[in-house]
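Naming follows writing order (A, B and C), and every chain is counted from residue 1.
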Amino acid sequence: MPDSLSQPATRDPDAIRRASWILGALLLMWPLLHIAQFRPAELFDSRNLAVMGGFVGGFFPPVLTTEFLSLTLKATIETLAMATAGVVLALLIAAPLGLVLSHSLSISRIGPGPGRGTGEAVRTLSRFTLLLLRGIPEIVWALLLVRAFGLGPAAGVLAIAITYGGMLGKVYAEILEAGDTRPARVLLEAGSGRLMAFFYGLLPGAAQELASYTVYRWECAVRASVIMGFVGAGGLGQLMDQSMKMLNGGEVSTILVIFLLLVLLADAISVGLRKLLA
Amino acid sequence: MSFQLDRVGLIHGGNSYQGGGQRALQAISLKAERGERLAIIGPSGAGKTSLLRVLATSLRPTEGRVTVLERNPWQLSGKELKRLRARIGVIHQAPPIPPRQRAITAVIAGRLGQWPWWKSALSLLYPADIAGPRDQLARLDLADRLFDRCDRLSGGQLQRVGVARVLYQAPDLLLADEPVSAMDPALADLTIGQLHSEAATRGVTLVASLHAVDVALRWFPRVIGLRAGGIVFDLPAVKVSDGVLRDLYASETGTLPTQDNQPFHLVAADEPDTSRLKVVAPPRVI
Amino acid sequence: MSTVTFDERRRALGFCIYCWTTMLLLAVLVWACFAYLSLDWSLLFSGESAGYMVQFIQRFFPPDLSSEFLQRIAKGTLETLAISALGTLLAAAVGLFLALPAAGRLGGLPKAATRFFLNFLRSVPELVWAALMVMAAGLGPFAGTLALALHTTGVLGRLFAESLENVPSQPTQALVESGASPSLAFVYGTLPSITPQLIAYSMYRWEMNIRMATVLGFVGAGGLGQMLYYELSLLHEAQASSVIIAMLILVVFVDAISAWIRRRQMRPGG
């Protein structure tokens, strides 16, 4: 009879492995806490506490004067307009790049025929461009554009156009490649141009998914527009930034509530539109 | 000379577009003059579709030389190849039409290779030509479905829309890959008949791969038997005998494939036989 | 050439009236947005501003690659990674703790209250939390960690609660029936089956938080973001471009690693 059956194991074979994982994690924690300057005591430092206390105390009651509310309303409309204009401009970037990138519309792949090298080079270039556009966070673009164009919604619109152009372009290309590509390929094999092969062959099947994703991105753009206001790109975010800098808790709480309502509204519109498209 | 294949071979390579490394065609030599009508028959997997795709310039042969409409497609520039492809019409077994598209738009797409871009673009909103597609669909008894969405059509109707598209294209070389597989015998006759009258009136070449042997022998003066990627015979229809057919379909079940799945047999080639249908003019021309 | 009847022309126009009016409405709304913002297009397209733009961009090249500055960038990157890691870790712990009431384990009222609280935490954007935390804890990475922790607790708390609701309750029930205390029954019965999912959510969130952590610094919450804001305020464009490049590399690197991990997990036996 083999040894392992006659003698029951007295040690958990997994224990060493688990122990080393836990030890490693604990060892990693200390430098982590150090680098992140994790000092909970700071929260209770008297100065910070006073500032924070006064600020939070000012949350109630929220500022509800007609003057401030109309200011908030204008800022909200500005945010919505920024998000919409940004996404529309993003479409102008994403649509052509997405079409170029998608190999469902590649004529040189049929055969394969002439122009293979150029085709692949152009596609690699567009992929790289899209990566660059969306690799840099939109708020960084916003900061740079504010430096270039000054304060106001223009910087925000362009920042959204650039980053979301990159995101939409990549996803458009993926959607076009994932669906049924036969109709478009057959049209290309019959001598059609790429753009017409897209409109007659790919778009009927892909339109719903393309539109649905675009509406979802619009909803994200609304939230992003608020955030970009913090670096001076206008809208609700800039208003909140100003109120925070003045430590006006009441105004901040009003804006916060309006912001939460705005997000709910954008979410509802997005869900409604996407149901409509189905 | 409409097309010529010189010892053409095709191995599906390893790249994602063409599939795994399998030999599809073997030393095919085939030639046809303008205005000829050929049928290609053979068991499934014989390479009928691959052969048609090579003729359509959608597949590049790995061996041998292709000449279509007096040009070697793989030596042309991109633009010239595009123009050549616009002169070749392909009817697919499974119609490549997006479900939500209307029949009129699907048919109009046949001329995308010939129209300027603005005309094609405008036709998305309002068709530049309504009478043309309607007349082509009428030839196939589908005129009443002109504005219906393609996902509301039956399989046979959808196949006919695919045929109408190619008829509307008015190509110089008509290639049909099992164009009537989803139709009953009467409709199959109507459709093949229309392809024939098209080829005859405009004097263009017609090549059809067919599953049903009876249809092939009834309509086409020249029949090509394909098996395992190679041409087994290239005969005038009158010379195709029972023995030749059985050799071709040797591995299949006892009966030969027909459009209506009824038994079919031929008498010996040199016996006079009145039951065999000879090649005649199409029964109906609209 | 046969004639086309009027009825055929009418039907050819296809596209339901419904679709046409929706598209028109959308077009009007979009135009209204542009009009409201009254963007100064000449700013973008005039020759003068184009020259100005080119000058502006030129100031960013070449980026500052001195070893001294690269060391600062390395430190900033480590800070960013630490902020995201610690923030996600805290959020996972607190989120799990809050997921119990949120999944209804403690009754109806706690469930509603916790859910509302978690929703609130995740609705407020990370940057707003960061601005608030800078006020509470001073400038620096600590504020960033807290901000990420707060926001991510809301996200993970809700995800964990959903996992808890979907887990079968028999193992835990069996343990309770055989005499184990409820908390032990939870640890031995429920936890093992949902742990892989919890870890997956947390890792996914960590990946997103790394991107977030790079920008929280804009309001003073440490990491590469704070460096970028600082250098730009001093008009040190060369240094700023180095930081931006570092951000890009970090994001691409994290993307690549997570794609690699995902590919490994999809392989059979992985």
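Throughout what follows, a contact is a pair of C-beta atoms (placed from the backbone, for glycine too) under 8 Å apart; a residue touches a chain by one contact, two chains touch by 3 or more.
Predicted model only: the values in this text are computed from it and were never measured.
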Overall pattern in which the protein chains touch one another (line/ring/star/complete/other): complete
Pair sharing more residue contacts (C-beta pairs) when A-B is set against B-C: A-B
Chain whose Cα centroid lies nearest the overall Cα centroid: A
CA centroid of subunit A to CA centroid of subunit C, Å: 7
Centre distance in Å when subunit A and subunit B are each reduced to the mean of their C-alpha atoms: 49
Separation of mean Cα positions, subunit C and subunit B [Å, integer]: 54
Complex contact set, residues of subunit B against subunit A: 17, 56-60, 73-74, 76-78, 81-90, 92, 96-101, 105, 109-110, 112-114, 117, 120-121, 124, 169
Sites on subunit C touched by subunit B in the complex: 1-4, 8-9, 11-15
Complex interface listing, subunit A residues touching subunit B: 107-115, 180, 182-183, 185-187, 189-193, 195-197, 199-202, 204-205
Interfacial residue positions of subunit A with respect to subunit C in the complex: 32-33, 35-39, 42-43, 45, 48, 51-52, 55, 77-78, 80-82, 84-85, 88, 131-132, 135-137, 139-140, 143-144, 147-149, 153-154, 157, 223, 226-227, 230-231, 240-241, 244, 247, 256, 259-260, 263, 276
Residues of subunit C defined as touching subunit A within the complex: 22, 29-30, 32-34, 36-37, 39-40, 43, 52-53, 56, 78-79, 82-83, 85-86, 120, 123-125, 127-128, 131-132, 135-138, 140-142, 144-145, 211, 214-215, 218-219, 222, 228-229, 232, 244, 247-248, 251-252
